[in-house]
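Following are the structures in question.
Next come two complexes, and both contain chain A; in the first it sits with chain B, in the second with chain C.
And now, the complex of A and B:
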């Protein structure tokens, strides 16, 4: 009897140790990822200061330079992507909530599900075939289109979810005053929920900012200047992807500075989303 | 029937979205048609990789195909084990005041872009794997630390916060009467966890399926850490390729080789189907489990 009790206690202790170690290991990795970026990135930022955000990368094996043109490319592409994503995603989200049993909503839901499940590299391949090949070159526009497609499911789904959370009584009040459905939705439900819609768009922006695979073949790899919307460009994530894998110490250090920059931007967006609407699934 | 102005206003966006997703499928199918007609699924079963600029080369994708599967299985195992352990730790052992901290930490981890994990894998984890000497366990172990194992673990760590959110939600959705009953029987932590994990088995499998779907399509991390060699992934510490890393490294020049682009897009289509099936199955299973748990609480 005693040995049985002892065994139970021991198994409990072992289980505790195992799950505690696993949990701490997971959280430690998260902290370590950020810590390494700080340790590697901060010195570069301190050394270059604001010039980091203006200059273009140095020659291989030379100075560090900066990621100025890439930062412009990133901002242009991500903003274009989230505006276009909002223009398509928000109305679709409203439609899916307001007419959930209409055939168009049902097809839209399936289409959205499909885009959400498709690996993001595939979006890049399709945009490559449809836009880059006919244009004859990768461009900021093609990159923005790929990012827009990857951000769409997040924007539409989050819009729909935030609208679904509005209590029915508001609609009932509007209907009882004789407002038609379109006025109810456009004048009352949507304005009431601007916060939810802003959350949805920010979430899409965050996704667009963090993605690398969709822009791999569509945005080009122009790190030294921003040439315009219809010309090759680059994003921070692309810069990291290419520069980190070169043997040049100065390019690796620039990549680390870009990693830190990307972490800061993503965190700002993520916590803005969290602040705007409490618990959000990423 | 009266036309609804709201429908007219909102429909164009929905139609645009449907056109986008239809054209993704159409492009994948149309551009890879050549491969399916000439070869069927033969290219997935062939090992030989010999590109040619003049003739249609041989592009056997068996090795990257298996590489994708092995990497995704490793990632799924890592994410599943860590998230289940975390759910047990948070709910049965950790003081309640840690809850906020842990959910904040998971949120921050989920917010990190994949390229950041890729950079960590490339500069921290791969060198650690190299120094650990684990590669000597394999006949053709990776001397650099870039291997299927490295890629799988880093992808698993990247997915773990998402998977943990799902398992934690399921764990907390277990009706409180069960938890109460377990406590009143004097069950210890591991016994309570055993019963509750049994109840939410469906959700755990569902989250594993979703992780698998995500891992199969992950490109950035894998391309940076898998080693990029066409190799059968017979041993986890060997460098290899996955379909995604193969696309990432070859697609840019694929137009130079007749036939390569079509093969790569066929590989992409296979991956889309695999990831889609796994994700849909996972979401269905999660719904069914959640509904059953709710039903039992009545």
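And now, the complex of A and C:
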């Protein structure tokens, strides 16, 4: 009997230790990423100050410069992608949850599943063929479009999830008062869940912010100025991809500053998501 | 009536001020509307092109060029598909592509704009950083064919008297991606050895004999190879000169029998004998420019030197404003851009005759009347 009990306690302790080690390891990885970005990026930010957000990159082997035009490009592209993604993704999410047995809703679900499974570099190539070649040049618009496509499944799925969390009784109450279905959805269910929808859009924004592959072929690589929506542009992740690979110390440092900037932006968004998604407001 | 002189004075002052402002405004040279030029292609000249772009922008703020890299292959296909205004490529266009470009744009100029060297790099912890290993093309070929397996092989020791060579297996690091650097390196090896030429050959991707034996690893891009050599003891690799920083760099024996390191001077020496190109719109493949550079007889020449080309369309294929901007961009690259103070470390300006060629094309673009 004692050996049985001993074995039980042993198994319990070992399992606990394994779980603890796994979570500490995960924490360590997360802390390491942020710490390295801070150690490498902070000195650059301290050295350049606000000029980092205005200037364009320096000469190879020369000064650090900044990522001003790229920051504008990032904001413009990610914002355009999020707005377009919200305009398509939110109604699709509503459709998928509220009219889930309709054939169109099933098709939408399959299509989004398909998009979510396609590697993002393929999305970039498709946009390259369909938009960049006919336009005759890469552009912020083409970049925003491919980011929008990668963010779309997240926005739609998250919208649907948040709507699914609303108890059926609210819908039944609306119906019992004689409201038609479309009015129930638009006047009761969606307004109740604005936070959930905002969270969905922000999650899509986060996704768009972090992606490099979709913009690689579509946005061009214009680091020296922002020329407009229909012209070549760049994003922070693209700048990191290009500059971190070069042998020049000043460009590598600029890439580290961009890494830190990207992490800060992502964390602000993640914080906003957590604040918003606290609960569904009833 | 008393107020009148005052009013007149005020009116006169305003008139004078606006006249002065108008004069100042008119005397100022009105800059042309900004024109954006987009390029893509080889990563080897990328840093130099970026530097030129910034320099041109400082001088002529209306010429706003951007260069997206992506590799020689991407540069060539972007150029042929017409989504860039210029492209850069380490090898010149293949005959079929050259004809395609000629048909699409009414002609194509291929201008060698910059020279670089391929450094043979190694990581042998026993060798102090102020000593450079000496190698010959023949020994290099035999290492890569698997005939020389250890660093202390008598044939390497013979070239490096007094150097403490360890008995460690040589690990070779090569490019895993399709690479212009690989093409230059293997072209050099093919010129050195007939056996290499028949067994392996030259190209952007080759079948390395050592990888079948398990003593070679692939790494992506110049940064990847440099990093792999840095972290793998007893490894050997090849990178563009700019990426050799912090690694052991081998001195190679040239055709005159001297051991030379890749430096700006030795690369320049190799380029001194470069052939003149009569017509940049001709099919450059036929001129075998790279092969001739690799066979330089100059006593100071580094043996693995290669140019990178700028691809430009026929003047009629550009709009008037783009044509003007390209002309300014080209003219800068082949005049001020070739001055030592404007060249990024690791690169070497092209010989005088090639710079002249670029200037001529710039003039043709500028003076073109469609």
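By definition in this document, the second predicted complex is superposed on the first by the 251 of 282 C-alpha atoms of A that agree within 3 Å, B and C clash if a C-alpha of one lies under 4 Å from a C-alpha of the other, contacts with A are read in each partner's own complex, and residues count from 1 in each chain.
Keep in mind that, in the parts below, a residue touches a chain if its C-beta (ideal position, glycine included) is under 8 Å from a C-beta of that chain, and two chains touch if they have at least 3 such contacts.
No experiment lies behind these values; they were computed from the predicted model shown.
Placing chain B and chain C on a common chain A by superposition gives a clash between them. Residue contacts after overlaying the shared chain place A:27 against chain B, while chain C stays out of touching range.
When the two complexes are overlaid, the chain among chain B and chain C that reaches more residues of chain A is B. Shared-chain residue A:211: touches chain B; no touch with chain C.
In the superposition on chain A, A:231 makes contact with chain C only, while chain B stays out of contact range. Once chain A of one complex is fitted onto chain A of the other, the partner contacts of A:167 are absent, as it touches neither chain B nor chain C.
By the document's definition of touching, of the two partners only chain C reaches A:247; chain B does not. Of the two partner chains placed by the overlay, only chain C lies in contact with A:60; chain B stays clear of it.
When both complexes are overlaid on chain A, the residue A:178 reaches neither chain B nor chain C.
Contacts of A:91 after superposition on the shared chain: chain B is touched, whereas chain C is not. Clashing C-alpha atoms between chain B and chain C appear in just one of the listed stretches 152-160, 224-232, 260-268 or 278-286, and that stretch is 224-232.
On chain A, the surface patch touched by chain B in one complex and by chain C in the other comprises residues 133, 245.
Listing the residues of chain C that touch chain A in their complex gives 36, 38, 40, 46-48, 50-51, 53-55, 57, 64, 66-69, 81-84, 221-223, 226, 242-243, 245, 344-346. The touching residues of chain B, when paired with chain A in their complex, are 4-7, 9-18, 20-25, 27-28, 31, 81-82, 85-86, 88-90, 92-94, 102, 105-120, 122-124, 157, 160-162, 164-165, 188-191, 193, 213, 216-220, 223-224, 244, 247-248, 251-252, 255, 264-265, 268, 271-272, 275-276, 279-280.
Residues of chain A touching chain C in their complex: 56-61, 132-133, 136-138, 220-225, 227, 231-232, 242, 245-248, 251. The touching residues of chain A, counted against chain B in their complex, run 8-9, 11-12, 15-16, 18-20, 22-23, 25-27, 29-34, 36-37, 40, 87-92, 94-96, 98-99, 102, 104-105, 107-108, 111-115, 117-123, 125-126, 128-130, 133, 149, 152, 156, 181-182, 185-186, 206, 209-213, 216-217, 237, 240-241, 244-245, 252, 255-256, 259, 262-263, 266-267, 269-270, 274, 281-282.
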